[in-house]
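Below: a set of structures, written as structure tokens.
In what follows, subunit A forms one complex with subunit B and a second complex with subunit C.
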Partner chain A sequence: MGHLYALQGAFLQQWRITASRYQILMIAISQIPTAAAAAWIARASVEQGVSLSIAIGAAFVVVWNVCVFRTGFSLLDERWAGTLELNLLSRSPLTLVMLGKSLAYVVFFALVGLLSFAAALLVAREIAGIEHATAFALSLTLVVLAVVALQFLFAPLSFLVGAQGGFFNAIMPLGVVLSGFFYPISLLPNWFEWLARLLPTSWAMEALIWSINGKEDLGRVALNWLPAVGLLVLLAVVEVALFLRAERRARLSGGLTEG
Partner chain B sequence: MTSDAPMIECRNLRRTFQRGGPLRRGSEIVAVSDISFDVRPGTIFGLLGPNGAGKTTTVRMLSTLLLPTAGSARVAGFDVASQPREVRRRTGLALGGDRGLFGRLTGEQNLQYFAAINHLSPREANRRSAELLDLVGLGERGGSKVFEYSRGMKQRLHLARALLTEPDVLFLDEPTSGLDPLGAFEFRQLVGELKERGRTILLTTHFMLEADELCDELIVIDRGEVVAQGSPAAIKRQFGSATVVEISLREPREGLQASLGELPQVQHVEVGVEGMLQTVRVHIPSDQDAGPIVAHIGAEHVDHMTTRTSSLEEAYLTLIGKEQ
Partner chain C sequence: MVDRVQNFYLQAYLSYRGLFHWLTPFPYFSNIVLAPFLTLFNFILIGRFASIGDVDRFGIGMVVYAIVWIYVGGVTQSFSNDRSGGTLHLLFGSPASRASAYFARGVGHFYNGPLTAVSTTLLAVLLIDLHVGDLNYLTYAVAIVVVSIGILMISLLLGNFAALYQDWFLFSSIGYGGLLGLTGLIIPVDRLPTALEVVANGLPITHGLKALRGAFAGDSVASVAPDLLLELAVAGAYALVGLAVFTLIDRAARQRGILAGGEE
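Here is the complex of A and B:
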């Protein structure tokens, strides 16, 4: 129960700091044009359900772009603010405390993502039906979990390697391309598709797109869930290991505080 | 742990850092070298020393934020290196300063967050936060954002945060640093009250008055090493030059500090200005007479003179002066 309080407390603390109308406005201004442009291009497509999958993808692009950056700097921000040491002294593992904060980012910016979703649908002027509703719901859930897990990786990673200027300028668009938020990754060149297959987001988004357009049967859609879940679990293990390494390095080197 | 076992035990504690950071091979900086001490339950133990002496590094090792390079330490019966979780359950740490708090949250929200990550339920967190804000005198400002707090208020909030889990041992790192005299006085009173309630407190400070007033026992650290250990009174007796001769001169004299320093009985000389008069403060052993000092200066140049026993601050300055 204590760990749940920690997760909840961390979520609430980060939400209180992050949630503001100004944040919504700034992110919406920066992200909605991309969503609208993608939807405009999709209008030319004769593929069934393209508009809906583009709109959903647009929402995830917002979450990915904003959260990978915010979460990626979260440990470094806490160190700068002098609160990292106190988080480390908590009764829950640092991983859990930072996960609570990351979830606050994801939930808040998902709300902003809904604006991109709505904008894309408005531009597309089409709401297609969903071929496999249950598969759609499960695939959507998997995409959400995959995005949460993937962006969370960058919290301990950027702490360990020391995120230099421009680090996330490379990560953000790469994540969008490899995750297949706007198109099936089967459209990518072979060698690029192999790289995309290393991410749980790409498998989950592909399943989501198929469940909308009905291009593959339920069995094929479900087959995509297995690697998505497997990669999710692997990511979680790697993230815990990286957080433990970050903590150990900080305790050895004294790098828990700046200045 | 038995009731008479030390609450904190340090044995040959050592901490070094690589110059240039952990990934670069550079020379080693010894921050703490071979420190040993015990802290009895229910007492206030002081780490006294100048900036950079190794006080904060020692506290960070005892609170499990830093791993010792060598030696061992046990807090509340648990090893700080191999049992950090158990140590953290029983300790509270107040590092102080402007950092370590979320400025955009209120004082109450800050405490609720730290309570939650230390496994207090929301109801218990609310109750405890309100109680502690009252204890530290922030009851009426708990709803204000922390960036609106004064330095003293932030220090008090740090203390409230450290007390959330009712720890057996409290680490206070320079808790009155940056406070005005009234704020520092009130804070020291609070610390005294916590001791009355049975807490074991380890306090770091470079304010000699604070160590003298609060601590049951203390160690003096300089450049990572213990240079004195004992009660404030014992340290004053052992290292204090028991007599301080203060002389105000009718007119300023050049070169006095150097020439007085050459006298065999003089341990320490300070020359300054108070008001319009040049003053000389000379430390000599308590069994020595001030006569040779006055003769050296020349009685006709003396406006007035007083003698008194030295304070812990002066004993400390003498001690540090001996080591340099």
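Here is the complex of A and C:
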């Protein structure tokens, strides 16, 4: 129960810092044009479901781009701010505390992502039907979980490698391409597709796109869920291991604050 | 005269090395090579998903966006870091030429624009078959340089506000979003609402991009010269406006004792 309080407390603390009109403005200015550009391309398509897929993908692109950056620097920020030692004093695992903060980023910027979704639909001027509604709902849930898991990986990772300014600027577009937020990853060249297949987001997004356009039957869509869930579990295990390593390094080196 | 030139290049070098925080190996490679190519790749794939015939059009737009990415991000952070690092007031307190100080902050970044444009183009040709069979190399080179000048001038203008508000994230977001959405990189300018089309014609890239597309179609420098000259005219306007804003901020800083760096 105490761990849940810690998770909730971390979430609320980060939410209060993050949720502001300034953040909405800043993210909307940079992300909505990307959504509009993608939707404009989709508008010319005669294929079913392209516009809706891209609009949904645009929302996830906002979440991915912003959260991988914020979450990625979150543990480093704790050290810079001198609050890491307080987190380590807590009886709750560091992983759980940072997860609470990361979830605050994801939830807030998902709401901002809805602006990109709306902008994309406005530009595309088309709302297609969804072929397999139940599969769509399940696939959407999987995509959300996969994005949360994937961006959370970078909190301990950037701490361990000592990320500096500009570190995430290639990771953001790489995640967008490999996750297939805007298109099924089967469109990737073979030499790139195998890399994308290592991510839970790519399997989940492919299932989502198929559930919208109906190009694959329900059985094939469901087949994508298994590797997505499996990779999610694997990611979670890796993240816990990395957080333990980061915590050990912080304690042994005494590097709990900057300077 | 020689002293002034030396001073100018010294300012350019020191401000570039000291204030541009993407100069470490991995971030530099990411921002010059990886991120621009991946962004180009992303839009090409969107085009293929939508079964659009001419996806190369988006690729050419993203070659220019590569320049936007490195200039807007690099220059705005440099201005902001000048203030947060506590060195901006030293500039304002010095008797150095304001024009020299202002433009020196962009010169150091200049080579990054053509460099990222060429690397993005090369990767696009090698990895995703961007068509360059008709490319006029001279026109391409001239168009890239001219477009780079325009983007650099608007980046310097945005840098003023990044220093004033000590927030390069917001002003780089304005640069990225505005130039992506309004200059024809993906959405043709003539498909924008009328009011936005007017704005677009006053932005850098809009005219130079036409010249660059002409280069890929095999046009000579002479045939794209009107677009290049328009692009240079727009760049010149932003240079003057940016310098005027910089001078105003300088005066305000001296009179009101603000922008001392970090403590406000």
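To be clear about the criterion, the second predicted complex is superposed on the first by the 259 of 259 C-alpha atoms of A that agree within 3 Å, B and C clash if a C-alpha of one lies under 4 Å from a C-alpha of the other, contacts with A are read in each partner's own complex, and residues count from 1 in each chain.
Following the convention adopted for this analysis, a contact is a pair of C-beta atoms (placed from the backbone, for glycine too) under 8 Å apart; a residue touches a chain by one contact, two chains touch by 3 or more.
In this text, all values refer to a predicted model and were calculated from it rather than measured experimentally.
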{"item": "Partner chain in contact with A:44 - subunit B first, subunit C second, else both or neither", "value": "second"}
{"item": "First, second, both or neither for A:217, with subunit B first and subunit C second", "value": "neither"}
{"item": "Touching partner for A:82 - first (subunit B), second (subunit C), both, neither", "value": "first"}
{"item": "Subunit B versus subunit C as contact partner of A:17, first or second or both or neither", "value": "first"}
{"item": "Partner chain in contact with A:6 - subunit B first, subunit C second, else both or neither", "value": "first"}
{"item": "Touching partner for A:97 - first (subunit B), second (subunit C), both, neither", "value": "first"}
{"item": "Greater residue coverage of subunit A in the superposed arrangement, subunit B or subunit C", "value": "C"}
{"item": "Touching residues on subunit A, where the partner in the complex is subunit B", "value": "1-3, 5-6, 8-10, 12-13, 16-17, 81-83, 85-92, 97, 249, 251-257"}
{"item": "List of subunit C residues in touch with subunit A within their complex", "value": "21-22, 24, 26-31, 34-35, 38-39, 41-43, 45-52, 58, 73, 77, 127-128, 169-170, 172-174, 176-178, 180-182, 185-187, 191"}
{"item": "Of all residues in subunit B, those that touch subunit A in their complex", "value": "17-18, 21-22, 57, 60, 63-67, 85, 88-89, 93, 95, 97, 99-102, 104-105, 109, 112-122, 125, 161"}
{"item": "Touch list for subunit A against partner subunit C, complex", "value": "22, 25-27, 29-34, 36-38, 40-42, 44-47, 50, 53-54, 164-167, 169-174, 176-177, 182-184, 187-189"}
